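Pasting a structure below so you can have a look.
Just so it is clear, A, B, C and D label the chains in written order, and each chain counts residues from 1 on its own.
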Amino acid sequence: MAAPIHIGVIGLGRMGMLYARLLATQVEGARLIAVADTNRQVCEQAVQAFSVRSDFTDPTELLRTPGLDAVLIATPTSTHAELILAAAQAGKAIFCEKPLALTYEEHRRLLQAVERARVPLQVGFMRRFDAAYQQAKALIEEGRIGRPTTFKAISRDPFCPRPEFADPTKSGGLIVDMGIHDFDLARWLVGSEVERVSAEGSLLVCQNLAAVGDIDNALVTLRFASGALGNVEVSRNAFYGYDIRTEVLGSEGAVLIGAHQHTPLLFLDRTGAQHDVQPYLSERFGNAYLKQLQHFVDCLRHDQSPAVGGADALAACEIALAATEACRIGHPLSIEAFRQAHQ
Amino acid sequence: MAAPIHIGVIGLGRMGMLYARLLATQVEGARLIAVADTNRQVCEQAVQAFSVRSDFTDPTELLRTPGLDAVLIATPTSTHAELILAAAQAGKAIFCEKPLALTYEEHRRLLQAVERARVPLQVGFMRRFDAAYQQAKALIEEGRIGRPTTFKAISRDPFCPRPEFADPTKSGGLIVDMGIHDFDLARWLVGSEVERVSAEGSLLVCQNLAAVGDIDNALVTLRFASGALGNVEVSRNAFYGYDIRTEVLGSEGAVLIGAHQHTPLLFLDRTGAQHDVQPYLSERFGNAYLKQLQHFVDCLRHDQSPAVGGADALAACEIALAATEACRIGHPLSIEAFRQAHQ
Amino acid sequence: MAAPIHIGVIGLGRMGMLYARLLATQVEGARLIAVADTNRQVCEQAVQAFSVRSDFTDPTELLRTPGLDAVLIATPTSTHAELILAAAQAGKAIFCEKPLALTYEEHRRLLQAVERARVPLQVGFMRRFDAAYQQAKALIEEGRIGRPTTFKAISRDPFCPRPEFADPTKSGGLIVDMGIHDFDLARWLVGSEVERVSAEGSLLVCQNLAAVGDIDNALVTLRFASGALGNVEVSRNAFYGYDIRTEVLGSEGAVLIGAHQHTPLLFLDRTGAQHDVQPYLSERFGNAYLKQLQHFVDCLRHDQSPAVGGADALAACEIALAATEACRIGHPLSIEAFRQAHQ
Amino acid sequence: MAAPIHIGVIGLGRMGMLYARLLATQVEGARLIAVADTNRQVCEQAVQAFSVRSDFTDPTELLRTPGLDAVLIATPTSTHAELILAAAQAGKAIFCEKPLALTYEEHRRLLQAVERARVPLQVGFMRRFDAAYQQAKALIEEGRIGRPTTFKAISRDPFCPRPEFADPTKSGGLIVDMGIHDFDLARWLVGSEVERVSAEGSLLVCQNLAAVGDIDNALVTLRFASGALGNVEVSRNAFYGYDIRTEVLGSEGAVLIGAHQHTPLLFLDRTGAQHDVQPYLSERFGNAYLKQLQHFVDCLRHDQSPAVGGADALAACEIALAATEACRIGHPLSIEAFRQAHQ
């Protein structure tokens, strides 16, 4: 049996803590041996909670932990580049939260560095590991819906973000920040590359985003190389709950993913029927987070390439950035034209 | 093509009016030619609304309408016997609302009279004509659920009835009044006769029923000749809506019929998700009322026996009456023992 | 009580026959007194089925029927103009199937004629009369979803049409033919006018439409004057069933209309759970057809203007035609620019 | 902050392993320090997997582990008595899988011993800790459904058990083995004690159970002290999936718990719509297992009595045993009479 993978987690925010916990307790074949965060207190909490051996406030020091095989990067996006480059140079396998970078140029630069260093890289598109999405993909690959003709996605968050998180210079803006999972799913499920994008956006509810220049609602239209069409909606104002829906219509059938009920309880009285809604991310995708880490660790242990690598990250990012630009300029943009403008 | 069937409707309450309307406007091959109700005003309304040729306050006169082929009896149960006997004697085909009678003895007497007169008889078990029940029956007959092992039914009404309607001497009591459709479905869907019944009942909410000596909730347990088991719940206090559910579990699968949503509208806000519930009978079974009349008329036009005849009515009634007695005496009762006690 | 409205139906295809039946049997205060169709046999069938007094193969003759108050026009769209003009000249109230016309110019010409003649006009946007849409509208007007931010609509048909019906010179093309209901709902539910449209379209499955130059899938993006955004999907290849969904997200909540189940039957076996899907239009909107006719008749009887008049028809048509053009030229089009180009 | 609770797990079958994992990794304030199983290999696996300090093949030795605060007993039911008595004598807090014992007499003997030893005891009725059940309980306590009138429960397993597990001398028989959770929920949700039970049972599908004398389907009827009625169905032949439903109807409303879909994926094609079903216990109640352990540990740390203690276990067991007897003798049995017969 393959030896366990020794992993360090860099960045102990909400996501980093979740990943650290999963690596420490549930991912088979993984050993969490180091954590790093600029906040010492947070580091100490993680050491206690997960019996980690070492903790650092300087992530580059973590990279020198003896026996370290891989790092998981869950820091703010603006710091990804430096950490990916350092990890690649140190020869460590990398799991990085999406997006890798906020510009196409930097994205490509990072991928080149990772390729040169020949280290495995997986990007945090956890939806691909959710049971419903995996079954949808399987049904599509078996030909059960025929040729995909239409891709639809809705990603709605139940609250306006704090402006500092939504600042487009840090988040990439609404379409990148919220839509990138959908763009990844679009390519993966339709099985064809996106060729052209257009978008409409508005700031309608989260007026606190005006200060940082972001919008809170956008509709992105996609045209695929196959002729298939797609539409992605992203919104910040679904205050009723976390509403993630994806569907693919094909020439023979369709797959629809999404549910408006979380707890299987229906309450009935004279006013009608009531039930709850998915509250947020971890309730909907908790299991997918575990599965993507398990996949990463399994790949490292068996010398296989992770299924969601740098090329996928770049492709999804390209669509997101092109859609952001299409929204700004007010007319459709081909991915090819976007690429040429960013050579 | 077969000649149209000339029908008279006796009893123009809510159900009678519905039937008259359906016969006048939607049942193919039917012609509504006469109506009767003790209330003259109601008769005149029907004449106007449906362009009926004749109306009567004495139903026996209606039976002498020239050219009359059939009568539909929608009067209170206590009057069914007299009308069925008169119609049978007059040689008219009979459609009668359920139940035919409130005692086993009278039920049998009526069926004998109908048989002697050799007139067709259909009883108003409209659920058998509902699309969902028809598909369930088809699936069961195709063997898709294997051998039925468990029958479950819930029949819940959204309001306490007025005591005069719930008076057991007129309605047969809760278990007869509300459960008779379920007992009919039980035999039909399970494909086996009920051999033994037991029941628990309570008066818990509709205190106005105390005066007439009825209960508002009952649970009836059935044992079928095949060994299959069944449970029927009837309740008057589902103030949230009209809740009718039926299911059959088998050795290979199951069919579940029932829905808690009427209009396909979901409203979502910070308090969760809300939708409506089936309001009442006609919203759920409106179409089945039409289809059962169409079936009756089609049978008459093509000299076939209606699918839901006197024997079915008797069998469902027997179960309902035996369950009512089992509830009263507090222990199980075999149908055979019930029959012998009522020879 | 107001006198009944005497109506003639022109065009006895599938829809015309449905309307004639509803007027003859279920619409209160209406009297179907004449029908017209170029096919004599069809006329005679209607006369028999609905006890109509007069029938014509020439619709202009029908307009001279003594006592006629109103006409219902259910002929192919290309004949609407002539019939509307004749009916307006004859001073008859008009109910016309959507769309009134296939060009913006003709549409305006018809409305001017109707206005000059001061005859009431209602257009067949029946979805507005469906219970779910009416409740959604009420919830929005009560402020329950706050300010609308996003309108979403899916209209999917379960089959490829015959090319002669889909010929854009007769149907207006996919976006007009299938999307016009959605564009009407968009304006009505969002409570703001559409200012700009863009669209992507493809011919992917119904290859028989290539001959007439139509597409089978399109995604239309809308921007409303209020800043709200919208997306309408129309598709011919939902072979699984008739799939109509509409939703409005707002600053406080959302309404979602649509259901994937028709009959309340769930079948369960080792392969999982199965249920049916809405088969087609009349199963989903049958009741709305009745209600829109009832509204038309009620308005005529009480001297009120129908809720869905010529201006609504024009506005929905404008969006549909502009979206069709935006799809052709490949970039967004403002409604204002569309109008100016079609002065 | 309270010190962590040191726990040992006795019995490392499927459930014991699950509990050990939860205690080792997810239950806050717990420390898994010892495991015991008669199978040495299994012990060693647990030691490795969960970094446990000590393992034993003799559970009584485990009780002498220094610093041990509590034991979790997950062995076969027939061994519970001996272990509970030993743990009580050793002064350890006890978490025991349901049922504590298979006879009323032994059950009482154990509770007396636990009471004398004044050690905390929690029984594994994990459904009470499931989010849906907790919300249902809260709604009922807030009076949202008024006074409960009817309790309904369905517990269906997706496979016939191996005869050695279903042997009534070891499992208590179908009604005890599968219904005990429902009887506990009945008391808890209705808020009234069960006074009378009756039952019908059959062996219909799992013919391999004939050898051990068990049945595979039963319907139990309950009458509560409040007059409320109840029905519990247990079945072994729901091969389509794990189907657990519970509902309480009240004088003002109702709560329904249960879902027939696991993964939020709907597949649509010409044959209709398909989705999956809950596969089994851990998918449905995985989280409730964690929460009940957390509750146990929290109670120990804060010197509170566990919410689901010995009296609850006895009451549920009493109903289950009385129902089993009522099924055998074929007529209703009052709980009082059952108790007196078992003094």
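We take it that a residue touches a chain if its C-beta (ideal position, glycine included) is under 8 Å from a C-beta of that chain, and two chains touch if they have at least 3 such contacts.
These numbers were taken from a predicted model, which means no experiment stands behind them.
Novice: Using the contact definition stated above, find the chains touching both chain A and chain C.
Specialist: B, D
Novice: Of the other chains, whose C-alpha centre is the longest way from the centre of chain C?
Specialist: If we average the C-alpha coordinates per chain, D ends up farthest from chain C.
Novice: In angstrom, rounded to a whole number, how far apart do the mean CA points of chain A and chain B lie?
Specialist: From the centre of chain A to the centre of chain B is 57 Å.
Novice: Would you kindly tell me how far, in whole Å, the mean C-alpha position of chain C lies from that of chain B?
Specialist: 39
Novice: For chain D, write out the residues touching at least two other chains, lowest number first.
Specialist: In chain D, residues 238-240, 252-254, 256, 260-261, 266, 268-270, 276 touch at least two other chains, as defined above.
Novice: If every chain is a node and each touching pair gets an edge, what shape is that graph: line, ring, star, complete or other?
Specialist: complete
Novice: Residues of chain B touching chain C in their complex?
Specialist: 24-26, 51, 131-132, 135-136, 139, 144-145, 252-259, 261, 263-270, 276
Novice: Across the complex, what residues on chain C touch chain A?
Specialist: By the definition above, chain C touches chain A via 146-147, 149-150, 152, 154, 156, 196, 198, 200-205, 216-219, 221-223, 227-231, 233, 235, 237-240, 249-254, 256, 260, 330-332.
Novice: Per the contact definition, I'd like the list of chain B residues that touch chain A in the complex.
Specialist: Interface residues on chain B, with respect to chain A: 238-241, 260-261, 266, 268-277.
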